[in-house]
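The structure appears below as structure tokens.
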Amino acid sequence: MNKICPSLQAAVADVPDGATVMIGGFGDAGVPFQLIDALIEQGAKDLTVISNNAGTGETGIAALIKNDRVKKIVCSFPRQANASAFDERYLAGRIALDLVPQGNLAERIRAAGAGIGAFYTPTAYGTPLADGKETREIAGRHYVLEYPLAADYAFIKAHKGDPLGNLVYRKTARNFGPVMATAAKCTVAQVTQVVGVGDLDPEAIVTPGIFVKRVIEVAPARC
Amino acid sequence: MNQDIKLLSRRDIAARIAADIPDGAYVNLGIGAPTEVANCLPDGVTIILHTENGLLGMGPSPPKGDEDEDLINAGKQFVTALPGAAYFHHADSFAMMRGGHLDYCVLGAYEVSVRGDLANWHTGANDAIPAVGGAMDLAIGAKSVFVMMDLLTKKGASKLVERCTSPLTGVACVKRVYTDHATFDITPEGVAARDLADGLSLAALQEICGVRLTGG
Amino acid sequence: MNQDIKLLSRRDIAARIAADIPDGAYVNLGIGAPTEVANCLPDGVTIILHTENGLLGMGPSPPKGDEDEDLINAGKQFVTALPGAAYFHHADSFAMMRGGHLDYCVLGAYEVSVRGDLANWHTGANDAIPAVGGAMDLAIGAKSVFVMMDLLTKKGASKLVERCTSPLTGVACVKRVYTDHATFDITPEGVAARDLADGLSLAALQEICGVRLTGG
Amino acid sequence: MNKICPSLQAAVADVPDGATVMIGGFGDAGVPFQLIDALIEQGAKDLTVISNNAGTGETGIAALIKNDRVKKIVCSFPRQANASAFDERYLAGRIALDLVPQGNLAERIRAAGAGIGAFYTPTAYGTPLADGKETREIAGRHYVLEYPLAADYAFIKAHKGDPLGNLVYRKTARNFGPVMATAAKCTVAQVTQVVGVGDLDPEAIVTPGIFVKRVIEVAPARC
């Protein structure tokens, strides 16, 4: 078994138009920039993107949006001070937004990976983001029913990966990677370093290889 | 029993299952007979074993004297961890199963119905102390759930049945049943028997198990 | 404004909050002004900071040149990790909040109602690009949710209100509101004002904020 | 902050009669035997125990049961070949049993720790263990609604712990410890080794200290 991919191009080659793609990262930490660049080059369009943010500046998801590849984004915080691509298209009605509180976003992604059909969460109860959603009082507390969020692809960034797909992350760049890896049919991990089978401490592996289909090494950019 | 029929041994059944599992598959082998499947893999085929108590990449039993009390399988037997293994906690482990990430799960059974209902956790006897363990999670815990069993009980009754009489473990969850008499595919169109034991006809098999079969 | 009233500075407010947080508390400080609380802890008091993007044991900003792009807080500023820190993923981090494990969360607000409703994520303006981030999770994400804000808007309207007009972030979730005019405890019996700014009477405060207050 | 407890006695001193106690372990791996022994010595009775098993032989939970301290056990597998204490009392109606499939047990414990009000699980649908429970079909699959399982105390075993309560586990002894730690008002961890603050790799900590109230070092028994 060898999940190491020969190139970024190969790692994203089969993404079809209309695919749902999870993209890891919080702010710029943990964003798989090179996979996103490869996806832009590959050309898939009409994508639904599930991610915490909508990209900063003109890089990452912001670049994907600027190239008009995204028809819908599911995220908690699309607004970024220095990014205009999303704002323009959103205000013009050219991109759909499904705004999800950050914790519900993470838990809905986890639910998809964990085979949970739906769950009751206290977050957003009584707010506009729960409008029209089923609610229930359980043991004196109010909850909103939320459903899983799954994807065709998850593009994530990890620190080290092995040929079995086992991954470890680095500091707060871990963020959404581990849950997204569980929730997509095809998880592609961009890693800073590929290591051999057995080189990762089995007690410290964060994402077991079963969740990962492809691993591509991308050395960090030199400043 | 017709003396010309050569029923499969447990090892033969395990070999049939092993032959149907592709290289690189993620597999959970239930307690008991299913563990034999790991010993029957063809040359060049590697599968990655999951044990629901928190290990992916489970290896064989350790040499005597090398047992580690912190390294056991779901049957509470000492095992080893192969290079590339990963440990995780119980909620993550069962999320892995429930989420459909395992390719195959191989289980024993008291009964399997023609629509794939599984009964393997409780005989239904009133005086039994109930215990379910991970049986119900395993029953729905893989893309393909295989059952490995003898077709008949010790009293000669078919365990492939129209409708289970023992308490269910899972509903419509079994995809294929490997037995000493034949292999049965549970399909929306019915049960297809194939790979019949030498000397066993489809008609004879149908008489033995008493449920409607189609040829494989 | 009466010139004899000495309103609290942001630093004063942060110091009041800090004085109410006991040694050893687990705390999430929201983006912006609340981060000032960490700089106002009395000597000998250590709190453990949580940042919802996956770190418990967050430390101060790194020295210039030592920034690590993989080590940021929820405001996307560079931070450090103290000895004994732990990293975790987003689902675990928000489970920690939602599960009520944090002792305190300190947030800014547009409005807080007398029953503790919080509005701090959206002004309600039609042309605003909506963005919620972790605001709604933070609002319900600690045993005690404190708000830190100026009592009045720039136009002089009270942000402590009978009923929020901006879209809600959370319902009946705020326990205490620290402002430049006074501290307000939100209780089932009503809003109790205490620690009024020097020169400010309860009657004057009630007139300013326009909601019924009891003495603290 | 120092969560290191001076003695096993102190670690269990405040457990009242009638408490709900989670006890970690699967088989014998990860069972906090010494904490259980201390609890027996302490004398609390009418306990509700949440654990995967009901103990083996006459040790651990089996000893607690044999001393008639347990009024109810919530577990997936009470039956053990060599343990008679539970069987006798169960058949005599002297101990109540709430049988929960192992994965639902783990997920219900997680839900309690994660602030989830309830969740839909496919496990046990259509079986006697879902009798009387609410069910729902979601996207073509059948689910059972399950509620959180919380506790007053969690007694767990970990490998190493520090004064902040951070924990790492060892191999498959990890099992229920990490989720139980999140679901109890007071989590007490028996560890093989206490280490200093900062000695555990922050990337490899499995249970962050926020979930742990007390840490007690128990050196492994010598055979």
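Each chain carries a letter (A, B, C and D) given by its place in the written order, and its residues are counted from 1.
We take it that contacts are C-beta pairs under 8 Å (C-beta built on N, C-alpha and C of every residue); 3 or more make two chains touch, one makes a residue touch a chain.
For clarity, every value in this text was computed on a predicted model and none was experimentally measured.
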If you apply the touch rule, which chains end up adjacent to both subunit A and subunit B? D
With chain centres defined as C-alpha means, what is the inter-centre distance between subunit B and subunit D in Å? 29
Measure off the straight-line distance from the CA centroid of subunit A to the CA centroid of subunit D, and report it in whole Å. 33
Taking each chain's centre as the mean position of its Cα atoms, how many Å separate subunit B from subunit C? 55
Intercentroid distance (Cα basis), subunit D paired with subunit C, Å: 35
Residue ranges of subunit B touching at least 2 other chains are 81, 87-88, 95, 97-98, 140
Going by residue number, subunit D touches two or more other chains at 107, 110, 114-116, 121-122, 169-171, 203, 206
Which two-chain combinations touch? A-B, A-C, A-D, B-D, C-D
Subunit C contact footprint on subunit A (complex, rising order): 26-30, 52, 76-79, 86-87, 90-91, 97, 99-107, 109-110, 121-129, 142, 169-179, 206
Residues of subunit C touching subunit D in their complex? 23-24, 26, 46, 48, 50, 56-57, 81, 83-88, 95-102, 140
Applying the document's contact rule, which stretches of subunit C touch subunit A when the two form their complex? 51-55, 68-73, 76, 81, 87-91, 93-95, 97-98, 117, 122, 127, 129-137, 140-141, 167-171
State the interface residues of subunit D toward subunit A in the complex, per the touch definition above. 107, 111, 114-122, 136, 138-139, 141, 143, 147, 168-171, 201, 203-204, 206
List of subunit D residues in touch with subunit C within their complex: 1, 110, 112-116, 162-164, 166, 182, 197-198, 200, 202-203, 205, 208-211
